[in-house]
Amino acid sequence: MKANGTDLTTASGVYVIAATPFHEDGRIDEKSTDSMVDFYRACGCDGMTILGVMGEAPKLAAEESVAISKQIIKRAGASMPVIVGVSAPGFAAMRSLARTVMDAGAAGVMIAPPNTLRTDDQIVTYYKQAVDAIGDDIPFCIQDFPLTFSVVMSPKVIRSIIQELPSCVMLKHEDWPGLEKISTLRGFEADGSMRHVSILCGNGGLFLDFECERGADGAMTGYAFPDMLVDVVRLQKAGKRDAAHDLFDAHLPLIRYEQQPGAGLAVRKYLLKKRGVIASDAQRKPGAPLSAKARAEVDYLFDRLAKLDARAKAA
Amino acid sequence: MKANGTDLTTASGVYVIAATPFHEDGRIDEKSTDSMVDFYRACGCDGMTILGVMGEAPKLAAEESVAISKQIIKRAGASMPVIVGVSAPGFAAMRSLARTVMDAGAAGVMIAPPNTLRTDDQIVTYYKQAVDAIGDDIPFCIQDFPLTFSVVMSPKVIRSIIQELPSCVMLKHEDWPGLEKISTLRGFEADGSMRHVSILCGNGGLFLDFECERGADGAMTGYAFPDMLVDVVRLQKAGKRDAAHDLFDAHLPLIRYEQQPGAGLAVRKYLLKKRGVIASDAQRKPGAPLSAKARAEVDYLFDRLAKLDARAKAA
Amino acid sequence: MKANGTDLTTASGVYVIAATPFHEDGRIDEKSTDSMVDFYRACGCDGMTILGVMGEAPKLAAEESVAISKQIIKRAGASMPVIVGVSAPGFAAMRSLARTVMDAGAAGVMIAPPNTLRTDDQIVTYYKQAVDAIGDDIPFCIQDFPLTFSVVMSPKVIRSIIQELPSCVMLKHEDWPGLEKISTLRGFEADGSMRHVSILCGNGGLFLDFECERGADGAMTGYAFPDMLVDVVRLQKAGKRDAAHDLFDAHLPLIRYEQQPGAGLAVRKYLLKKRGVIASDAQRKPGAPLSAKARAEVDYLFDRLAKLDARAKAA
Amino acid sequence: MKANGTDLTTASGVYVIAATPFHEDGRIDEKSTDSMVDFYRACGCDGMTILGVMGEAPKLAAEESVAISKQIIKRAGASMPVIVGVSAPGFAAMRSLARTVMDAGAAGVMIAPPNTLRTDDQIVTYYKQAVDAIGDDIPFCIQDFPLTFSVVMSPKVIRSIIQELPSCVMLKHEDWPGLEKISTLRGFEADGSMRHVSILCGNGGLFLDFECERGADGAMTGYAFPDMLVDVVRLQKAGKRDAAHDLFDAHLPLIRYEQQPGAGLAVRKYLLKKRGVIASDAQRKPGAPLSAKARAEVDYLFDRLAKLDARAKAA
């Protein structure tokens, strides 16, 4: 176990959320999968997260999930750790996928709470049971995304999970609003009540500029310009605040457009195709393609961005 | 396909919701599975529904779901049609399970709506996409259970699904309140705006006495005395209204106790064990066992029932 | 303040949830209001709770709420304490109503949590702010009704509210399932971690038989036979368990029918009218009247009950 | 009635959502209320909307709501129509406020759906009952804000409301994503299936740049630079697309920061105070003030904006 061996508690930079490339007819596009991994490496990503919501994980059959995980982990190689989303309706399926991908070399797994959880105790208990199920030798990342999962984790709850479960190594933070939450969690570290874990932020990157300043270690999101995310995190770490914001602000109109619940994935895949990363922007059902108007809007934003960032160049 | 060949649109009586028997250590108990099927047949059940919420379906690994389905379908034989719950986070997994169990001889599948659906159009579209995924040659049953799924289907929405999708053969009705809904749907049939499908009622049987009178064809629920459900439906069909209510009322204190969200499954398994149907009342996690007090309460109700119905006899 | 002076922490028996009687045209029926109060006293109720969900509180204009509260408090007199629901979208309106009804002689107020609350801290903070708003000299009752309010309070949260807010005197318990919660809360008292408050149970009385045995002090619900509720609580206190269950079970078919979300109020008002308590069963909009079929079903259950309990006699 | 006489179906430009200014101790600040109205007029706003979520409406006592409505309507005068939010837990309170503010000269009212509504029919029925309650002589605006109200209105539902209720004059559009919805609704007009109403967009203005291009008539939101919103709408109407986007993009970092659920109001009030519009940024409870870090972040964004837009000047 821990086949990969990476210490994720100190992970920083950008763990990009990978899409799952499909052919127009809905089959997984293995060639695009490889080119996508290569692209993410070329962008300077520090790691990858696969089989998340944006990876259309629930739309894959069990054997497809395993196959694509193995392919990506292999292609990513030792230098780019891969975290695999293993959220499932039950613990048997979660365990099965978690053990399989760890054996294949994953660096850890990500677990989202089921949307029936309400009280603090219910949430902490769920993570304990999940660790019982998958085994406490598998490093895991909490996914805190209330907008999608309808589960609200207070900072205290996150602290309880981290303190009671040593295999918790990371928080994918995508609460909204979420800046104070990062400050509170880093405050828990400062006052000694919580050990350190990596905090990487999602929410499409919409607040990445300030999240870094609040103590986050970087981003875990799928914005179609991960190379920009890499630069923003790097500039912030280097103390170049204004430069970080300048770059971020140039991308903000597009980031904002991409960060639309449901519709965002179509934008993201369209942009990845436009940049030549994947061959098709097809999604599996249910999944709405971009309308002609929306495509034209994305093109317009892309062209405006091109004036400020040379990376916005169509393939 | 349609390996079983049963016309479920005319199904009536009791399609019992089967539990999934586990050993104390959480492994599936195959021997109890067989004895449970035999018990249901001896009770006079007209069919079975497996892999529902009460069958702890989400707690099974994919290969376990297939294995137990095959075992039950085989044991049930030609005389007792089996409907298999195939609700899944995505269509690939749903299709895979649906095709497999139909090949194994299932009579149909049951599909619950994912809890993100809100508008009428979203719900109808979901069922269309589900049929696209599994194939229109597989008879399916709508599961209408707002309390658990948070999806509210108006009678018009159910009618749209039935009219637009010929492979819809049945409604598992467990809205609450739900009596007027049955009358409205049967009214749609009467005015010619909707074709006939079977309506079997869930909700633990809490309103079965009146559901039959409103036009339901029977019950689809897992109350631990399916033999009583069978009699109530039979008496109502025979026009023996008072006798049906007398029998129903004798069981109502226990039915009511069983119909507690979450806790109900523990009661149900405890009673099945008490009746000698399964060897253990173990549930997989997450699943709370009965407290000592709750067990004593169920025993008390069981003993009181024994004075009115000889079936309440411990094994 | 505390004009009434009753110590609600030791309240027991039945605090009936009062309906708000309307004329057919929607005006408040003051004459029926008085006769209803007299009826509740004659039933042996220990107190009343008004302006709850079942009292159609949100459908009243502010001045109507005040007027009917004053009338009922006056008619109830010193012997029958009145608790007034003051839940409101904001604290200004809550404070205004709470101070007014206390000045008019109410014994306390009842506060439900707004349905946006999720985490433990959010819930406790809400009650602290509510007490800040209304003043800590007003005794209040927590309304714990997750099915309607979508707010789940763990026993620990309830304990925090009780321990941190001395003016908390009572819990209206209507969680479902809820029996273990009562045992847990009474366990907190036994281990010294929580002071004693009165626990009165709602949920239409559906579990009153066992709630008393778990440590509840009685009922706070609006079932149309409060005289039966009074007897059940009395019998349980006297240790006559079987007699209590016998009486309860005779009413269970009707209790169950009444306990249908939304539809229940129509049943309740229809039965109160049938018993001659109020002149009309009209509700204000939105509020569905009983269908002809539903009325016939209630009549049927009423007639069946009449064979077992002489109280079931139409006016 | 229709005291104001404005035809809101053709309203366009910016109807600013007004804050409710408080003194530090929580009393309404009448002087700041007047200066705020004057500021909005000077900004070029075409109208105002008061007593919305951002106006802290639920935190006002009934008499305060009436008083501040009257003051604002009077100060706004004939040239700036005022729409008043009258959403309430029940129709009696809604009617009372609606009639009162219309008599005082309001141009119309805004009605949000209660968060219990689910099906299409439930939503349409609710608006019918609301119009029955307030009277069909009062022009009303639908507030479509699923993120906050948890009610999802499909375009068909909105069309039904508009077609069946002649007093519906406007849609406050703040679905997210929402661009396709605007196109669909304007398509209904084009195909003759829906009459024209004004569509003004909320969501903090986060998509205003494209909403105008999709057919919206303007904005109804409370961003602290309504003068910028006015310019963006004007530029778009004049066909100056690039200029509109340039101006919008300059503000986007701040718009994005303001558009945080819950926290947004604190940012908005802080900015209004910073611009000298109101004396204090105090909110009534529950309402979290900005942390020191958040204030510094807003200041930073404000200073960055100042380099691009001279309006960003502290008072």
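Should a chain be cited, it is by its letter among A, B, C and D, assigned in written order, with residues numbered from 1 in that chain.
By our rule, a residue touches a chain if its C-beta (ideal position, glycine included) is under 8 Å from a C-beta of that chain, and two chains touch if they have at least 3 such contacts.
The shown structure was predicted, so the numbers you read here are calculated from the model rather than taken from an experiment.
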Please identify which chain has its centre, taken as the mean of its CA atoms, farthest from the centre of subunit D. B
Quick one: compare the interface residues of subunit B with those of subunit C and tell me same or different, with half as the dividing line. same
Please work out which of B-D and A-B is bridged by more C-beta pairs in contact, and write that pair. A-B
Can you compute the centre-to-centre distance for subunit B and subunit C, using the mean CA position of each chain? Integer Å is fine. 34
Where the CA atoms of subunit B average out and where those of subunit D average out, how many Å apart are those spots? 48
Counting only Cα atoms for the centres, state how far subunit A is from subunit B in Å. 38
Can you list every residue of subunit D that touches 2 or more other chains, as numbers and ranges? none
Per the contact definition, I'd like the list of subunit A residues that touch subunit C in the complex. 118-122, 151-154, 156-157
Quick one: which bits of subunit B touch subunit C in the complex? Just the residue numbers, please. 176-177, 179-180, 183, 206-207, 209-210, 213-214, 245, 248-249, 252-253, 256-257, 260-263, 291, 293-294, 297, 304
For the subunit C and subunit D complex, residues of the former touching the latter: 56-62, 64, 88-93, 95-96, 115, 125-126, 129, 132-133, 284-286
